[in-house]
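The following pair of complexes shares a single chain, chain A, combined with chain B in the former and chain C in the latter.
What follows is the complex of A and B.
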């Protein structure tokens, strides 16, 4: 009796022990899997004036990593979870030589295999060969420069510089009374790209508008904003498209041209509204500020997931610190996230091939999107995501003005836009 | 008689330098194999900067601190970048010498106005000339690519089976240039001509009064130093594979000047010690890139306040002290015995 009762008890104990051991092993394995860390590099300005762009972009990436890590890590296509660690590298102010230096540190020294960098064509070219040689999948908030010879460089979202073309075009469509366009851009690689894309956006409306002012400025000239903007205002524009002023300078620019009597519309990649609204009241600017880059997370209707980024950011850094540049890093790295989720392995070569081989990429913010860019870059490595374009409401909040289908716009206007981009040195086929 | 003795002395010193280089060379050749790919690239850039700095030190021997050196190096860089990326590209080796020649020709042209100035005015006039040249890189965008720069500059074609496509091969090219330039400039520094240039720098009026052509002796090192800068510019462009006007900005120029001040320019090796220090500083604080010029500036001030003459003087003083200590060991009386007064 004792024995007969003892055997099942022993068996039960053995089964329970085995189950406990199994659970422990499973738990250990899961913990070990979850603790495998994937380093993701971010080459951005980390100080100085350009830090007004680079720091919010890097913070956006950090929040992306924190959100995934809070879920136990990024669930990759191989079935394992990977914790994400963001490593920031300073390119000073999108200087190609500094990009190369930062790229060497990230790729050669730290062995980074997934990375985000600027769209600035000169900077993308600076590390293009290195990313190819060392298989580093490098996304950007836009394309800037892509090539079939450098398949590891991808354009993660519509972003820059294509957005300049699309925003200019949208502003013209929404304001048929705009006839005279002024373009002012920084005399730098990114500024020259923006110049050509703004021109292409205006060229898509040949019967409506003409460019009456189109100049590049040296970054040193921004210290004398009145001197810089007086010739622009002398051209009597109805619309001003700009790229290159850091957020604080852009606020001064808006204030200056308002004081000089400008009543038209603005187009830009982004406006840091908290800074601008300290200088010019919202009711004056309402309905005149067209911008679009990735998405504006403070506006909740476009993407609930994206809006979480805004609430997290505001909790961490305060509302005053919110920047329209934060979502661009968040959105662009989302393309690599989509690639890792799809790929059977986290090997960067496999991820690259899986991502570029996919007919449709399910982007975490923009949803299903297709690759494009062949006509400009000779390679379909640019993910053409829809571009939400925003404007300022009278209450000082941003409103979603229009959701523009990049691929459809390009199909409609390519014939006039492509020659303009070619003349501006932005076609790299 | 005195000249001959001085020449023999110079030859002896130079021979010692050659032997020292011969001993160090196997270590320098082996060095990249002990380093990661990243540190190999740091080593290559250090060697290229060392070449440029040797040329810069030569210019300082004539008594002026040029601020156009990096822009002049840019001429070498743009020469190779433009010509090797043409539809029918030139050979790197042709541009290697052409780039240096163009840099020398530019120095010859600006020598006339800038060498009429002295001291701070020389510094300012070379700064103006350098900035004007850098602006040309920006403004003549049809040739130079403007602010966009020039990308995908090819590496040198293999020569004698040597592949320069990787960092190690390129390092050997830079090292070969550094050794040749270093030995030539060191011999020049020891020569009668080198001493005369320094004498002119010390007292130009007195030198002129005894019939020395001071103009020629100020122009010669300026042009020679610029030719060396041209060589370094060519290598810089080819190693990085891209150039941009910002690569030749005042920041890099300041690095060279700071290396010369921190290391000192009395000895031939002083500026190289300074460059080593600044490069180490750059790597230690690499996560704070935009603070690096500030750290360089603090180092310059620190050396001026605490180590007059630069690190070379600190090293020389330490060596002298060590030598004295070593000698005094031999003179020391036996244990327990006291020396009588």
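What follows is the complex of A and C.
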């Protein structure tokens, strides 16, 4: 009897325990579904000198996630909210082999389905097939290695390298007295792309300017700016377009060419002005610094939402850690955000098809933008967002110089720019 | 003529960094991989002091204070590395190699976490430039050149005209012979690590005034310095100076004539050729 009475008690206890456990599991599941997490990968340099690009970009993405999470998560087109978790992967310094290793960790080990990576063509190529095979929608701050064979690789914003062409063209338009252009870029695949795009931007002004210096440099040579820039200055340029110097190197470059007598204008993807202004006074450089990449968040007029990125970043990391590269990851991941918002499902294939199938994408920073890229890549996978171009005001603050319509510029100048890009090995259709 | 000035300025950089490493390697016979981070600390000492004393001290005076403070603090760090790593792991060169490599990563990450990954640059403490015979001579670079000459002169006096310096040289030339003369190896090791680390910090302050200051600046400089001390002759200070000027000339000319992107490759080939045909380097003593 003791046993027969004991068994029901034991069974009762077990049932009660199971019920409690079941309730707990149900409660946990309900909580999880209310706060389902979407992992977003960021493949960027996380150490070394290139970390000066990659770390601020990753931080920008983290702030993007924090802002959405503070709203209760990203409201997707399926009506649910998803918390965002950023996972960073190191590609050392945009080295294709390291990009592949990072891609394997992200895609094969962690199951990432949405990702941001560099525009650097060699790095994008390294993981192109993997992103296609595993349906990983991968955005970038520009258009590297886009192709109809790899629809999951998209160019999320105008960005690199198209911005170089547009900034060079804008600087020439604004300075009709500029006749001689010097181009100096890093000896890397992104530098070679920049070289061709700067050339294309100058080619759009055939009656105005010629290229008088056009060289690549080894990153190792940047410790000797005086030696590196002496031959450039011997070409007597009116405008210097550069790509590849990290922000503090760029400050030394500006100081060095100023010492060597340069009085013309500069064009670049970005200038970290606080560092530069420690070396050269604002009144000397005012009106001479043309740059544009994504948007400059420290300048408040273009995008109040984007300016929040700046204020948050400065609060977290300090003003001297601000980088003009922080907004580019923030802006590029915004394209995936737009896709998830409009897609009926967060399945990456559905998001990709919804995004690329949309005639107009309502980008959270740039507003309505259209796809392009067919003439260069053979696929319209590049979102042609408008490009804000900035300059330095006399008071040392940045000013919005011009908002350039990328699509309209391309339509107007494609006939002269496209052959130059082709000659530079940048047409892949 | 500008090329001549550029050669001198670049060689100055190579000399200022390589001699400390050559001294440490010559005496200790092992590599301190954290030497580059000691150099980086020199750069950050300048940056911190310039920021702290802006409006209080003239930048030129702050520059000199930074030289003294960085040399003292980093010299003491060298002593701590000697006591905690080199002394404990003596007779185990591979363990020292790994331990100092690990230390260099720790120091890099510590600076990234404490200050941030973004490179910094300081306004030249001695701004402006001089035009001379068609050459542009930035005053700060002339100051760096002058201080490097003073640093080398001081090192020469220490090694050639003091008992301690002579003991250091004796140890570098023949460790067993020096011990038989009653020279304390521990004392010499501590002295060498202090002086070598202080030289790295002084180099960091000097170069921090003309280059970028970043948590990773030491790693780049270290690899270049390895090539210089290997070509000059491991442990030979005069060899390091000669090799520094050799590479200063080669790198400057290649950059000037549009072949700068090949300079690292050419430098490595020269190192391989020297190792093949002159294994002791240009001025190194045969083992």
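Descriptive notes on the structure:
Everything that follows uses one rule, which is that the second predicted complex is superposed on the first by the 395 of 429 C-alpha atoms of A that agree within 3 Å, B and C clash if a C-alpha of one lies under 4 Å from a C-alpha of the other, contacts with A are read in each partner's own complex, and residues count from 1 in each chain.
To be clear about the criterion, a residue touches a chain if its C-beta (ideal position, glycine included) is under 8 Å from a C-beta of that chain, and two chains touch if they have at least 3 such contacts.
As the structure is a prediction and not an experimental result, all values here were calculated from the model.
After superposition onto chain A, the partners chain B and chain C occupy overlapping space and clash. One of chain B and chain C touches more residues of chain A, and that partner is C.
By the touch criterion stated above, A:47 is placed in contact with chain B and with chain C alike. Once chain A of one complex is fitted onto chain A of the other, the partner contacts of A:231 are limited to chain C, with no touch recorded for chain B.
Legend: residue contacts after superposition of the two complexes on their common chain; A:211 is shown touching neither chain B nor chain C. When the two structures are aligned on the shared chain, A:192 is found in touch with chain B, with no touch to chain C. In the superposed pair of complexes, A:418 makes contact with neither chain B nor chain C. Once the two complexes are laid over each other on the shared chain, residue contacts for A:342 go to neither chain B nor chain C. Once chain A of one complex is fitted onto chain A of the other, the partner contacts of A:97 are limited to chain B, with no touch recorded for chain C.
Among the candidate segments 80-88, 224-232, 296-304 or 314-322, the part of chain B whose C-alpha atoms clash with chain C in the superposed model is 296-304. The residues of chain A shared by its contacts with chain B and with chain C are 47-48, 187. Residues of chain B that touch chain A in their complex: 36-39, 41, 138, 146-149, 151-152, 240-244, 246-247, 286-291.
Chain A makes touch with chain C in their complex at residues 47-49, 51-52, 55-56, 187, 215-218, 220-221, 223-224, 226-228, 230-231, 246-249, 251-252, 255-256, 259-261, 272, 275, 278-279, 317-318, 320-321, 323.
Residues 2-3, 5-7, 9-10, 13, 108-109, 112, 116-124, 129, 136, 138, 141, 210-214, 216, 219-221, 224, 251-252, 255-258, 260-264 of chain C are the ones touching chain A in the complex. If you check the complex, the residues on chain A that touch chain B are 45-48, 90, 92, 95-98, 100-102, 104-105, 108-109, 121-122, 125-126, 128-129, 187-189, 191-192, 425.
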